[in-house]
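First comes the structure, then the notes that go with it.
Note that the chains are named A, B, C and D in the order they appear, and that numbering of residues resets to 1 at the start of each chain.
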Amino acid sequence: MVKAGIIGATGYAGQELVRLLLQHPQAEIVWYGSRSYIDKKYYEVFRNMFELVDAACLDDNMEALADRADVIFTATPQGLCASLVSEEVLSKTKIIDLSADFRIKDVATYEKWYGISHASPQFIEEAVYGLCEINRERVRSARLLANPGCYPTCSILSVYPLVKEGVIDPDTIIIDAKSGTSGAGRSAKTANLFCEVNENIKAYGVASHRHTPEIEEQLGYAAGRPLCLSFTPHLVPMNRGILVTAYASLKKDIGPEEIRSIYERYYGDEKFVRVLEDGVCPETRWVEGSNYVDVNFRLDERTKRVVMMGAMDNLVKGAAGQAVQNMNLMFGLAESMGLELVPSFP
Amino acid sequence: MVKAGIIGATGYAGQELVRLLLQHPQAEIVWYGSRSYIDKKYYEVFRNMFELVDAACLDDNMEALADRADVIFTATPQGLCASLVSEEVLSKTKIIDLSADFRIKDVATYEKWYGISHASPQFIEEAVYGLCEINRERVRSARLLANPGCYPTCSILSVYPLVKEGVIDPDTIIIDAKSGTSGAGRSAKTANLFCEVNENIKAYGVASHRHTPEIEEQLGYAAGRPLCLSFTPHLVPMNRGILVTAYASLKKDIGPEEIRSIYERYYGDEKFVRVLEDGVCPETRWVEGSNYVDVNFRLDERTKRVVMMGAMDNLVKGAAGQAVQNMNLMFGLAESMGLELVPSFP
Amino acid sequence: MVKAGIIGATGYAGQELVRLLLQHPQAEIVWYGSRSYIDKKYYEVFRNMFELVDAACLDDNMEALADRADVIFTATPQGLCASLVSEEVLSKTKIIDLSADFRIKDVATYEKWYGISHASPQFIEEAVYGLCEINRERVRSARLLANPGCYPTCSILSVYPLVKEGVIDPDTIIIDAKSGTSGAGRSAKTANLFCEVNENIKAYGVASHRHTPEIEEQLGYAAGRPLCLSFTPHLVPMNRGILVTAYASLKKDIGPEEIRSIYERYYGDEKFVRVLEDGVCPETRWVEGSNYVDVNFRLDERTKRVVMMGAMDNLVKGAAGQAVQNMNLMFGLAESMGLELVPSFP
Amino acid sequence: MVKAGIIGATGYAGQELVRLLLQHPQAEIVWYGSRSYIDKKYYEVFRNMFELVDAACLDDNMEALADRADVIFTATPQGLCASLVSEEVLSKTKIIDLSADFRIKDVATYEKWYGISHASPQFIEEAVYGLCEINRERVRSARLLANPGCYPTCSILSVYPLVKEGVIDPDTIIIDAKSGTSGAGRSAKTANLFCEVNENIKAYGVASHRHTPEIEEQLGYAAGRPLCLSFTPHLVPMNRGILVTAYASLKKDIGPEEIRSIYERYYGDEKFVRVLEDGVCPETRWVEGSNYVDVNFRLDERTKRVVMMGAMDNLVKGAAGQAVQNMNLMFGLAESMGLELVPSFP
């Protein structure tokens, strides 16, 4: 039984982690951390948990937690995990950080895009970027795991095979992404009120969103050289789901069957990546509540571009589900344990 | 392993049943029946099932199915189950009917409210009304089970204890119910288009909805005499969920603590009925995707009325989940098997 | 040209008032009051107003405003208008108060339900309750107008004729109301975030909502004696709209035609109340953006109850539109001036 | 008074046209054409029109209509207008066609993308593409006006100035568009049911949507040569609104101020195109119900691309509003007559 502590259990990602771990046959939650709700019953914050969780919220004491937990999940704003982690903590427990603190190898890049200084750069090198489908082996032995961002997970998995295989020109990649509103978090802001989000769509963080360098770094590894891309997120009036529509110019003459065979080669054995049938576009409704990423592509003969698409649940594969998938690998459990979730529709 | 066949697998309730049975450790689906989609792969109708279900849709042949299945679920329009059931079928298999055909004991009442003649009234008496929390023992031995309607499930469970205990005057019961749109079914009607339902709320079937006599019959058993109540359903722009707000006048002088103790006596041991804490109103978001019904009440000293409230997921406890709960009882399995679903939020 | 000042211009009702007054041929806005956004351009708060309003927000100085404006609208939290009004202000200008401060004649009732003490009870008697369809003549000469609450407007207009005509028993009235989320205001609260409201319905303020005594008072005038009723509001995942479903027992033997003739007698000449055709239920989508209230009823022979229904846009007839309607009457303009708005669908 | 007939009055665009024309001071609707609802009262189809429109629906007889109307609006599926138009009709009345029949000059391109043969190609040359901001002078004298498509209107207006000024490379244009569901029409299809659209986003018509050649043709005129671009529409769970996010590579070294001055030069005097302030992204909520298109851009120094954005109401500027704007020009009325609509929020 893996004893898990959660710091930041009262955000949307933290709560989804609770939902998944409660249904996980080999995990047990020992710490519901939430600075905002200390001593409050967890079910008073999330009434879906009534009669399921009796524990009260605790503070963010990572040292105390390290003594009790086999793994600590940090589902907290940027900077917190980096400020709490230490060699002592890592000697006692594993950390799966759902924030961005350890995702980017170049500390200057991190500090520039996030606008904060990194409190423990000495752990960056050790940290493993936990996109299981690409880094599976390194994940298994990680002490400090950087759980990928929601947009990066969907973007990278949609585009990765064609970059890696040299099918598309890395300098032409444009990623237009759309996210449900749970991605904006649970803090009380006017911009996230129902009446402000409902019946609306907008782009935000145009040419400046923090997930850009994370996507660039990972796709750069695939390309074998640094690359620079356009990334535009949009806010959609729905609770969950991310859809990525990515564009790139072909580098060589290639037909749709060949591209399809590449996707199938990369993902045919991947349980959580479904390569859809020809002509079927990914839709967020078909993955909701599950750990799947649905991907597909369309070759446009007229423009010599390929349109790559991916859909996933931002709170599952884009956050808590992927974190559990990483936990499973790190503790030698079956990778899909607790994640055999049939997508819930409608 | 219980072999289950589904007739009507491509409606919303049928699809939810597939979702639940796929995750049930002791059930296996052997027949995906759908007259509209015969020979079409099931995942082509519901793309969430891609890579999870490989079967194609079959027709509505209950006799053929009786040879293959231990239990047949009929998630079909009114009249179909009654037209297909026979002694021969029932001698081979059990039937859980999600339609209204066997819910109402008085065939004249059925025929009047549903506007069709009943094709097999000889089975009505045998049929067991499958509201487990009230009829548990009789469910265990049923061959033909009438799975309760969505509105009746939520309405009855919210009101039942206070009728049964004689706290409220049965002639004053008014039930104002609100349902998500999946309750309206998946057939292509202008009235159910996104733009017609979104940003709208309306009452429908006022003083004439077919679930009225079903609620009246069951509450009549509790009252020990026939009763007549007002029931008004409303359509709400959300996918899932039913909320019931019910009103009745007190028959005796009673305080809120005593009423609370009645609810706790009836439901304290019921896994799937959660009596909320004082002052907490049921909300559909807290039960979504689960088999829970959350109930609570508020005593209004000014009007000498009690307001009884209940919230549940219309596709789970209001349809497929309750059907699985009944299946579990009918096959001697743990009642909550496959139904330990943590509500999904947001 | 009526010079209008708005105190509380940056709430949803205040902004709707701006939208209506900008399109009003005989009104001009001279003051955009908003304590929270002083000196900020109004269009920076509401970007729909870009290139339409150039003014910046001003503070809540009612005395300064009284010198500039012919009428002051206060679309502010309870208590503010009462704290600012004075004989000097009223000698210079008229006030249309969209808050509850002057709606309730009995100051003790106000203070009990609102939990604050009334800062200027000396003006309560003078204040006119601005439900034009009922109080039209008194509105014309009002200096201080109490604009009705959103729920009361829809509730009273739905029920009023049958109370006034003695058709229903006033002691049996139950009002189950449903509102879009703009009714909850624009302040940043977790409970009003998109992900909390979307895909959810809940009751709130059960047996304790502040609009209860306002409805009771007005219907009491119709009944000729005090009455006490049940009122339950619900929050619906949509931006605008209120739907009222009201229940009452018949006091005498009466048929649907006779009831219909009563509604037509009361509302046949009312431009903004539409009595729908037999069998047509009011729906909020059909009144959105307009000043209409659609009403209808259903007689239930079984229960000897009548179900009365009303639908309106909470921000128009329920707030800003009714305020403009009152302004028109108070300034001798055509009652519907600036309010000839065709409902916007979808 | 312009007498207007509408063929296709019971679709969403047709109904919006009714809403606008009812509020237009110089127009009168003389024909509500709808093959599906002949002899049915118009308000029975759209209950918002109750007490506002008393007329019944008529058939699609363009010849009869030509005798009665000064202008005929065809808000019908592709092919119908082309099959009804004739020299005789055009000699008597003007036609504003909201379908695609006369938008594309090259009949082969039309027939290829739309998959139907053009019934009256002889009128294509004469037809004027009614994007007023670009073709204003030619619109004034048109007999047959091709009202632009919804996506093309928003796409072209967002991108046009930078193509025309040679700032961006026309071969790099990628348009990622998002539309509310009213754009999918009012016919009863499973894919457009509430539960299918709600809580979902998807791309559709990838590399094959029919609006692509229309955008290419118009931007080709601006570029001075044919061009080929990527266009991907998406379906968003909201009623109204289109958002365009367009990408292109810079052709020359240029700063944001210079780009801004280009937009302001093109649109500074345009009432219905609002160039937003620096850093403000267009959002559909701020234009809902109005004829505005809000545009802005962001220069990305890293990628040397410019991101161009536009938001509008698909039923107003994208259909009925633009049609009225064209009507105004064609009849010598003030261009904005009947279109001075303040966007409605929330």
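As a convention for this text, a contact is a pair of C-beta atoms (placed from the backbone, for glycine too) under 8 Å apart; a residue touches a chain by one contact, two chains touch by 3 or more.
This structure is a prediction, so every number in the text was calculated from the model and none was measured.
Asks: Listed by label, which chains are in contact with subunit B and with subunit D?
Replies: The common neighbours are A, C.
Asks: Higher C-beta contact count, A-C or A-B?
Replies: Spelling it out, more C-beta pairs touch across A-B than across the other pair.
Asks: If you average the CA coordinates per chain, which chain's centre is most distant from that of subunit B?
Replies: D
Asks: Roughly how far is subunit A from subunit D, centre to centre by C-alpha average, rounded to an integer in Å?
Replies: 38
Asks: Which whole number of Å gives the spacing of the CA centres of subunit A and subunit C?
Replies: 46
Asks: Take the average of all CA coordinates in subunit A, do the same for subunit B, and state the distance between these two points in whole angstrom.
Replies: 37
Asks: Out of subunit C, which residues touch more than one other chain, so two or more?
Replies: 12, 182, 195-196, 198-199, 237-240, 283, 285, 288, 346
Asks: Quick check: in the complex, which residue numbers of subunit C touch subunit D?
Replies: Answer in residue numbers: 12, 15, 19, 22-23, 46-52, 182, 199, 239-240, 274, 276, 280, 283, 285-290, 294, 340-346.
Asks: Sort out for me which residues of subunit A touch subunit C in the complex.
Replies: 12, 181-182, 186-190, 192-199, 237-239
Asks: Within the complex, which stretch of subunit D touches subunit A?
Replies: 174, 176, 178, 180, 195-196, 198-204, 206-207, 228-230, 232, 234, 236-241, 243, 245, 247, 281-285, 288, 298-300, 302-303, 305, 307, 309, 311, 346
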